[in-house]
Amino acid sequence: MEDTNRRSTARLSVPAQSALTVALILGSLIMLAPFFVMLVVSLWPNEAFLARHFPLNQITLANFVETFRVIPFGRYILNSAIVTLIVTVFQILISSLAAFAFARLRFRGREGLFLLYLATLMIPTQVTLIPNFLIIRSLGWYDHYQALIVPALFSALSTFLLRQYYRSVPLDLDEAARMDGASSLRIWWQVIVPLSWPVMSALAIFTFQGAWNDFLWPLVVTNSDKMRTVPIGLSYFVGQYSTAWNLLMAGSVIALLPVLVIYLLAQKKFVQGITLTGMGGR
Amino acid sequence: MPTTSAAQSTSPPRRNPFRWRPDQQWEAYLFILPSLLGFLVFVFIAVGASLGISFLDWGLTGPRGFVGLANYRELLRDPVFWRVARNTAFYIITIVPLQLALGLTIAVGLNQAIRGTEAFRLIYFLPVVTTIVAGAIVFRLLLARNGPLADAVTGLGQLLGIPLSLPDLLGSTRNSKVSVVLLTLWKNTGFTMVVYLAALQGVPQELIDAAHVDGANAWQRFRNVTVPMISSTTFFLFILQTIGAFQLFAEPFVMTRGGPAQSSEPVVQYIYDNAFRFTRMGKASAIAWFLFIFIFGFTLLQNIMQRRWVYYETE
Amino acid sequence: MSRRSWSVLSVLAVVIMLVTACSPVPATQAPAAAPAAATPVTLTWAFWGSPEEAVSHKAVADAFMKEHPEIKVETWNEPWDNYFTKIQALWASGDPKAVPDIAFLWPTPKYAAEGVLENLDPYIQKSGYDLNDYWGGLLESAKYKGSVYGLPRDNEINVLYFNKDLFDKAGVKYPDENWTWDDLLAAAEKLTVKDASGKVTQYALAMEGGKYSKWVNQNGGAILDDYVNPSKCLLSTPESIAAVKFFSDMMNNGYAMRDADLSQAGGDQAVFLSGQAAMIIQNTSRVSSFNAAKMNYDVAVVPIPAGGKRWNPAGGAAWVMSAKSDNKDAAWTFLSWLQGKDGGEKLYTERGEIFPALQSVANSSVFMTDQPPANKKGIVAEAAASGVGGFGYFPEWDELDSSVIGPAMQKIWAGEADPAQALPELCKLADQFLKDKGFPKQ
């Protein structure tokens, strides 16, 4: 990797490199073990799992097909993808605008308002679920995409974290830009946003996986198959008396793939962001 | 651009980091407007409502009467509340530091010039994007008293000729929290690692080189140059993980149902139970606000401390 | 245009974009809204389960609509685990259009106390619906303040399933109605298999800890002195302690699977199918999966202590009517059809899904088929011993059970507490709980 090559003085000796590689491989095995189990369960019939006996001649891909037959999984994936992408992009955009004002503009009530934002961080969603549900119903959004998307766009956590980061960017940069006649919006877009690529992509990954895995809220505000998301689909496999382990795991493997693709794309940007902004040499 | 600000900009930034400009006032409000509108409708109303509800006897469909502080008073002598509060405290004090230490260690390892860093990074990150239900169920299978991990430990013991056995991780009240911590570490360390990795690559190489020239050894360079340079990232992760550990719900809920005997039940599960199983919305809200007051004090304290130990480039 | 107004405009644009993106779409769904004279009345019918499990409910709905073309039944299902959260949110919204007209529910008294359920007494009187056909004690679980608020669909009859192959292998005689606890212990000793390291590879018995009330009541003990208006916990009586000790000793000796181990292994259905347990004690919901796997098994009544009595906790989820339903008469027509011996009860029983709540259906050819298990008489004998005593019939029971009784019991099942000490302590806490909630109520 290009960004690690520059560490001329930090280069490890050959034995140290080998030791490190061995340690990382051992760690990888631990991290991968649960996926191995997941894959095995998803590749055999449920009976094989119940008996904890996996004969090689029973291996099958039928579970992956079956998942789509039992529930409209394709539609669920599409819904999850739409909701998650919009939430991730706009939540970060909206939070970034607010965070910019909180961090770098001065206005009456700033500290008080920010404190109010912070205050909402610690109230768990379980408590606000019912009041928010009533709001969604009165807006007529029940069982619509808006119900899944709009409330998730406003995150105190994202705003807080971006504000923390923006505060660490030297104010001289703003001043220089203002001297050149740039507006605040331009400073935000052309100075602050490019500088905060790494933190924004970290936040994007965090927001994306949170939205992708969210369960309670989509369950409560959606009603029809047209609006359901992946985690709800998976929960159908856990029954009152018995669980379709094979389908649950096959579905989980499928659900993993889109997120993985997003991560691979984001991580490229992530690394680029660091090199482009010159953070490495600042 | 008003000329006053140009004149002010000659003063050192430290003394007055946020220059007052009347026109900024309106700009600022516009920047905040989209966020504020959403907060008004979807956050402040609901959070405010929950405060109000905490003073009511609120059943399934609405208020049954005003009870003042009775819900709060009940908490003080509710043994279950204190049990689950202790559980959550345990999760915070174990998960947060372990997660940070583990994430940083792996990130430092991956920041070296060795082969396969991309693949390692992907592997360590994979659990982050896995659905929690699947992860928790697989961990329950793996950690079971008769599960593969227990068999492996016993097998290893036989191989070495010493009696080895894995303690019951899920079924005993002493160890059930450990299982939840293990699951959480597996699930979230990848995120900490990725964020730290980005921060490490942002540490100026000249500083490390300079320390090297001054004769600092690898540990001293790490401790005295790298760690302070990534302190704002540590703070970022610290807050994120603390809130995450505080709001822990799905992991123990799927893996142990909070059991046995509520030994792994976090506060949020108790809130959920009160709201949705015992139809006691008032008490559920009171628990949330009781903890909020406690945590808010803690956060304020953090904010004060943060000024002392986080390095900001503006200063 | 100055730069400042440019920035003002841009931010405004973002706001407008958001607002338009969020503008409410006119509600497209308006079920059961003002039925015209010619169009059929629409009922929403809620139950838990996957879309696949919903298939059999939909077949029941179709059969009903064939007989009653004037009523249209729309089904509504959610995953089992979160069905209750969802339905509570709907009730909280107070919007009659959102709430299903007929729902599957447990426990009925908790929801009846909240005023969301329709009192069924007037409908029962008017139509002359026969309540005497229900198994003893079963309707108690669906009553609140003496009135019927729900009609239980099934009765959970816990019987002893045994794996004939494993019994033959161990040379143990099959269990019969004369077995006592001592016979069970003697068989358990032979049916438990350990490997060289002392690890149990085959358990004699797997039974959920939560079913302990069976042993307690068989032995003349009880959980509470009264299950509608309790004043005292009775788990500390010698009879109760002896019964709990009988069960926990079986776990401590390795005869019975510990509760946590059982759930980690995937539940009793999984361990019985895989031969990890030679016997399980469970309700009849397992029959179809054991039959599908072509297991060589049968059922028997659960052994009782010498001098004890046969006893089964009467209970089963019930169909309830929403107090906010727009079409209560149609809802009652559907409800009474569902719980009629020629309607829903018969269809569910035929599909092998339930042990019927109605005695006449259980004793008819609909249940008495030649499908395994052979010993259907044993199930009926156990059902005839149904009674109150498994759980409380007051709204606060859920909270008492899951925050006071359950945790103390789990410690016993984990082998971390001795019943002789833990149960008196538990009763002290339970008595305090009841006192705090104002029990006994006048």
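Just so it is clear, A, B and C label the chains in written order, and each chain counts residues from 1 on its own.
Operating definition for what follows: a contact is a pair of C-beta atoms (placed from the backbone, for glycine too) under 8 Å apart; a residue touches a chain by one contact, two chains touch by 3 or more.
Here the structure is a predicted model, which is why all the values come from computation and not from measurement.
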>> I need the common contact partners of chain B and chain C, sorted by label.
In response: A
> Hey, which chain ends up farthest from chain B, C-alpha centres compared?
Replying inline: C
> Which of the chain pairs holds the record for C-beta pairs in contact?
Replying inline: A-B
>> Centroid of chain A to centroid of chain C, CA atoms only: how many Å?
In response: 37
> Once you find the CA centre of chain A and the CA centre of chain B, what distance in Å lies between them?
Replying inline: 15
> Among the residues of chain C, which ones contact at least 2 other chains?
Replying inline: 4, 7, 11, 14, 18, 85, 92
> Using the touch rule from the top of the page, what residues of chain A touch 2 or more other chains?
Replying inline: 94, 97, 129-130, 150, 153, 181, 183-185, 215, 235, 238, 245
>> Where in chain B do residues touch at least two different other chains?
In response: 27, 31, 34, 38, 141, 276
> Quick one: in the complex, what on chain B touches chain A?
Replying inline: 1, 5-6, 9, 13, 17-21, 24-25, 27-29, 31-32, 34-36, 38-39, 41-47, 49-50, 106, 109-118, 120-135, 137-139, 141-142, 148, 186, 190-191, 194-195, 198-199, 201-202, 204-205, 208-209, 212, 232, 235-236, 239-240, 243, 246-247, 249-250, 268, 271-272, 275-276, 281, 284-285, 288-289, 291-292, 295-296, 299, 312-314
> Any idea which chain A residues touch chain B in the complex?
Replying inline: 1, 3-7, 9-12, 17, 20-21, 23-24, 27-28, 30-35, 37-38, 41, 94-95, 97-98, 100-102, 104-108, 110, 113, 116-124, 126-132, 135, 150-151, 153-154, 156-157, 159-161, 164-165, 167-172, 175, 178-179, 181, 183-185, 188, 198-199, 202, 205-206, 209, 212-213, 215, 230-231, 234-235, 238, 245, 248-249, 252, 255-256, 259-260, 263-264, 267, 270-271, 274, 279-282
> Quick one: in the complex, what on chain C touches chain A?
Replying inline: 3-4, 6-7, 10-11, 14, 18, 21-22, 24-27, 29, 48-53, 76, 78-82, 85-86, 89, 92-93, 95, 98, 266-267, 269-270, 273-275, 285-286, 289, 293
> Considering the complex alone, what residue numbers of chain B touch chain C?
Replying inline: 23, 26-27, 30-31, 33-34, 37-38, 59-62, 79-80, 140-141, 143-147, 154, 158, 168, 170-173, 259-262, 273, 276-280
> In the complex formed with chain B, which residues of chain C make contact?
Replying inline: 4, 7-8, 11-12, 14-15, 18-19, 84-85, 88, 91-92, 94, 110-111, 114-116, 197, 199, 258-261, 264-265, 395-396, 398-399, 402-404, 406-408, 410-411, 413-414, 416, 429
